[in-house]
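Note that chain A is present in both complexes that follow, paired respectively with chain B and with chain C.
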Partner chain A sequence: MENSNIVKSGKKTFTEEQDIFRMNTHFKRLRLLKRIISHIVLIVFALFAIFPIYYVVITSLNSIGSLANATLADLLPSARLSLANYYSILFHHPFLLWMKNTLILTASSTVIGVALSISSGLALSRFRIPAKRALLYMLLILSLFPFTMMVIPFYFMFSEFHLLDTYIGLIIPYSAGAVIYSSYLIKNYVDNIPKDYEEAAQMDGLSRNSALFRILIPMARPVIVFAAVIAFMGPYTDYALAGQFITSKGLYTLAIGMYYVSQGTIVINYGTYAAFSVLMGIPIFILFFVFQKYLVSGFSLSTYK
Partner chain B sequence: MDNRKKSSLEFRGLLYVLPVIVVLAVLDFYPIFESIYFSFTDFNSLHFFRYGFVGLANYAYIFASSDLRTVILNTVIWSVGSTAVMVPAGFALAMIMNQKKLRGKYFYRTVYLFPWAFPAFITILIWSNMLAYNGGVINEILNAIGLRSLDWLTSPHYAMLSLILVNFWLSFPYYTYVYTSAVQSIPHELYEAAEMDGYGSLSTLTKITVPLLKRQIAFITIFGFIFTWNNFYVPFLLTGGGPGISTQILITYSYLQAFSYSNYALGAAYAVISILILLVFVIVSNHYTKMMSILY
Partner chain C sequence: MSKLVLQNVNRDFGGHKGVFDVNLEVDDGEFFVILGPSGCGKTTTLRMIAGLESVDSGHIFLNEREITDFPPRLRNIAMVFQNYALYPFMTVRDNIQFPLKITKMSKKDRDAKTEEVAKLLGISDLLDRKPGEISGGQRQRVALGRALVREPALFLMDEPLSNLDAKLRTQMRVELKRLQKEFNTTTVYVTHDQVEATTLADRACLMNGGVVVQIGPPLDLYNLPENTFVATFVGDPPMNMLNGKLISRNGEVILQVSGASFPMADIDLGDSQEIEVKVGFRPEDLSLGQSGIEARLVVTQNIGKSIYEYFKTPDGLDLIRQDVVGSQLSLGQSSRLVPDLSKLMLFDPDTGKLIYKPGSRKNRIGALQ
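Presenting the complex of A and B:
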């Protein structure tokens, strides 16, 4: 009796173990399959994401006279790679002048636009401003309007003040362009910072205003950086406005130069055009990767509201 | 020190908002109203200095022309088509990368930054070369695997498809990042509790993630749609609205009328029509989703 009991219970645990073992392998297989599919999807998208950038970089290192002469063999690194195209775009074309103009325009408008947005974003988040809801709706509705709609009125407005074909004539509308989205972003982010910090600072004797600015600006750094990167990007690649405003060659921006090259108005060979693209893209590219960690934290849409 | 009644308004706060209000008044409201006014005049290169009020003549002309229907239809195909692929793809990638213990997620996330980090203005032009009929790398690849070349940008059948494809490449990283940031705002405890209760990935998704992010999803989708509706550079640089007007959307058509044909009044009228449609869309979609409530 005792013996058979032991045998029975032994058998029972054995089958139970087998079942658990079978279930485990089933789940493990399922999990493995999920992992594999995840990686396949992620890799396909990674290749898709990277291919055009690879294409332009490899083209810029090759010597291809025109697009029609390009072949698939040009996509592979070969012994013929050289920096000749870079030399050509830097020293035989006004690339550096265009870069200088572009940086003057973008840097000044980013600083002005972001400064205005910090002030309004903090105030919209922390003060009980009269008609706040109306203001927020107004910002939102303004963001529906395409900037191309402003091009015609801007043109006449700035020609009245003789600001066409000048730096200032572009810096003013560019700064305004950054304000709407940036104010919004900063307001949203600051909403999620607890008020305890400023209140503690006020207890320590800081005035409300300096508590706000001295405490909140450093804390809102991720969103400020994010807003600045976005604000920088718009003017850096603007053609719609600059193309209509700027007529003298000495004031051309990179975007105007690139547009004329792409339309064949300015003729350069295909490899040099690719080098132009790479050189124009690199500053923004570096900016993005340096501030990558802010991109996720900077864009916070609060969940529990 | 300060009076903290709930109802007291702080007019002092207006001081900080004032610069932005002034900027918006001068550089947004004034031009917008001027543009709306232009749409009721005969302002063009012929009447450059002495344009006058013509009432609804421009709108009557536009509504009588067959172009309007085509252009609106194009705009809708373009916006719906783009939104329908880029927003779900971003969501899916964010969910895939949000798996615990998935190896290489930072690597993937960094690689996905490439299309976003490289200025769109440039990459659109790169794509236009890649999609070129002769020498374009996409056709070269098609030929290499035994398929014939396609008129990616120059045939009315494929042009819109190409625009959406390029826009997909440009935008999916942004949506991946936005959804990653949204999903990370959900407390870990909820997921741990779900795991304890034996929820699988699918039920975690449908019972936790989606319900909690409902408003964000609505907001992101609707603003993605609006942004695409107003997205000027992809059609402008890739096809210029061609062939014919088969990829002309409202905003590029407005720009074309104003700056290629110097018909400023007609350009302005097209812009006004575009805004009116968008406004109706925003009001209706907000009514159903209440997405604006995440703003305040």
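Presenting the complex of A and C:
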């Protein structure tokens, strides 16, 4: 038996005497099988990911009073669908005021946080700073602490400064939180941009600092957008800090509003809760949709070569 | 008038890395090439001229004005980078006129100048594209355009052709030379490629280990190398370098190298009987003969216009011979190789300095005693 004429594939062994077409068909089937299996795996995981969103949407359209009354049949679209939950949120509660409050808070803390992150990220990447490594480790360690841990110290601090129940009292911790994560992110991205670009700009007539700002910021746009979206998401959905600091109804954010609205007389009103979630998710959805292009490259941290 | 002078310029990075005591004078309108292997300090020297690297000690003058500590933007120097460093978020047009925009030139003048430069470089139809959408050769032209548009006192180029493929590189070499002569702008060009140095330079400077080894017209570097480093660095394939001996016998001086002897008529050894030397001869100055250095043909490379033959001597030394006709030997065949004695060079084995070349004033053998 000549070894060179044997082809092994899994448990099957082909010799040259056997039909060459049969061998090829075998590999063709194998490839198809692999594709089917990977698709099944992907579909199962996609279902796990999509189901909660579907559940929230379908619950928001349901008029059942509480979870106790819910049946599996309620998971399917039925004749009982109604927009009552949405109507109640939009017209019986100051939803738009809460939205305005939230947007003021998130927009200003995003702008402040990202602006500070850009300067610190550029500095950490390009300048010689004493104890730079220690600083970087500190940023990394700080970003590991859960935000809720800070609620109590922040509360004491801001009560001293009389900043509780104000916009500023939330904007400061929100933007500080953004700086920790984003400056590290921006530094890493800028590290990968060759120095030639800002040096070329210096030769072209810019000072070192304006070369950094006028050339590197546009080049780091993907990561800046990414950092901004992350910085937006935190305060937008925050309840831990806002729920403790804000007491006046006129300053309620969406997250507080959601809690307030879904409190029924006896049980939590899940229909309203779900409808509120959907309404709250819409701006996030739009945000991701608009900046999709940047987010993809921000995630992959790919830069110019 | 833009004359560049470097006076005792030093930049020490520690660990014998850096640039040490560099003195250069580049005349107005001259195409000056700094040549050297990687890590020899050529790029650091260029960056110090640009102002991107600070100078530890020494002085740099441009137009008889000291610019040693000037920030780059005030030096009136344009630079072309190896990777071109075109701003990826701007169109080609905006890239080219970026330096003009900084000087607050009016948009009308800027556009006119950009069109003019683009026409000269043959990139007029690319002006509205982004750098990511054009080819490497086109990017190179845009980078040149950004430098040309300012009409600077000095051009600096850091290996501008090394990212191009071979054919385009040859083409751009010709074009660079033409543009430089047309604009007559003083140019300092850094490269590790000796072909670029010999084809482009009015004068070239060879650096090694942070030190200037030799300055002169490129042909001088080829014909009259200061030492073994220059001799083996300039020239492709490189110069053959063997250990040899000069022996005085009955009033005649004989060169012994790898088992062969050659009479050296015009050498006077004075009182000494024997001197160790390094013997250098170029591949094109080596011919096949009856008596000479014995060697076996190992590899041949035919590059069309000529053929390179790689030999090994019985003691394992490598020799390269270049011939314009096809190989007369078959692989593995032994032969005798005879260097052209009128083009042979002898170097001091300790210092590496050139001590003898027939017909040149560099004959320093007498001074060795």
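The working rule: the second predicted complex is superposed on the first by the 259 of 305 C-alpha atoms of A that agree within 3 Å, B and C clash if a C-alpha of one lies under 4 Å from a C-alpha of the other, contacts with A are read in each partner's own complex, and residues count from 1 in each chain.
One rule holds in what follows: contacts are C-beta pairs under 8 Å (C-beta built on N, C-alpha and C of every residue); 3 or more make two chains touch, one makes a residue touch a chain.
Treat the numbers as computed from the prediction; the structure is a model and nothing was measured.
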item: Touching partner for A:P77 - first (chain B), second (chain C), both, neither; value: neither
item: First (chain B), second (chain C), both or neither touched by A:E199; value: second
item: First, second, both or neither for A:R208, with chain B first and chain C second; value: both
item: Of chain B and chain C, the chain that contacts the larger number of chain A residues; value: B
item: Which of chain B and chain C A:G264 touches, first, second, both or neither; value: neither
item: Touching partner for A:R221 - first (chain B), second (chain C), both, neither; value: second
item: Footprint overlap on chain A, comparing chain B with chain C; value: 202, 208, 305
item: Complex interface listing, chain A residues touching chain B; value: 34-35, 38-39, 41-42, 45-46, 48-50, 52-53, 55-56, 66-72, 75, 116-117, 119-120, 122-124, 126-130, 132-133, 135-154, 156-157, 172-173, 175-176, 179-180, 183-184, 188, 202, 208, 233, 236-237, 239-240, 244, 255, 258-259, 262, 270, 277, 280-281, 284-285, 287-289, 292, 295-297, 299-303, 305
item: Chain C partner contacts - residues on chain A that touch it in the complex; value: 194, 196-197, 199-208, 215, 218-219, 221, 304-305
item: Residue ranges of chain B in contact with chain A within the complex; value: 1-2, 8-17, 19-21, 23-24, 27-28, 30-32, 34-35, 38, 89, 92-93, 96-97, 99, 102, 104, 108, 110-123, 125-130, 132, 134-137, 140-141, 144, 169, 172-173, 177-178, 180-182, 184-186, 201, 212-213, 215-216, 219-220, 226, 230, 232-233, 236-237, 251, 254-255, 258-259, 264, 267-268, 271, 274-275, 278-279, 282, 292-296
item: Complex contact set, residues of chain C against chain A; value: 50-52, 71-73, 77-79, 81-83, 85, 87-89, 98-99, 102-103, 146, 150
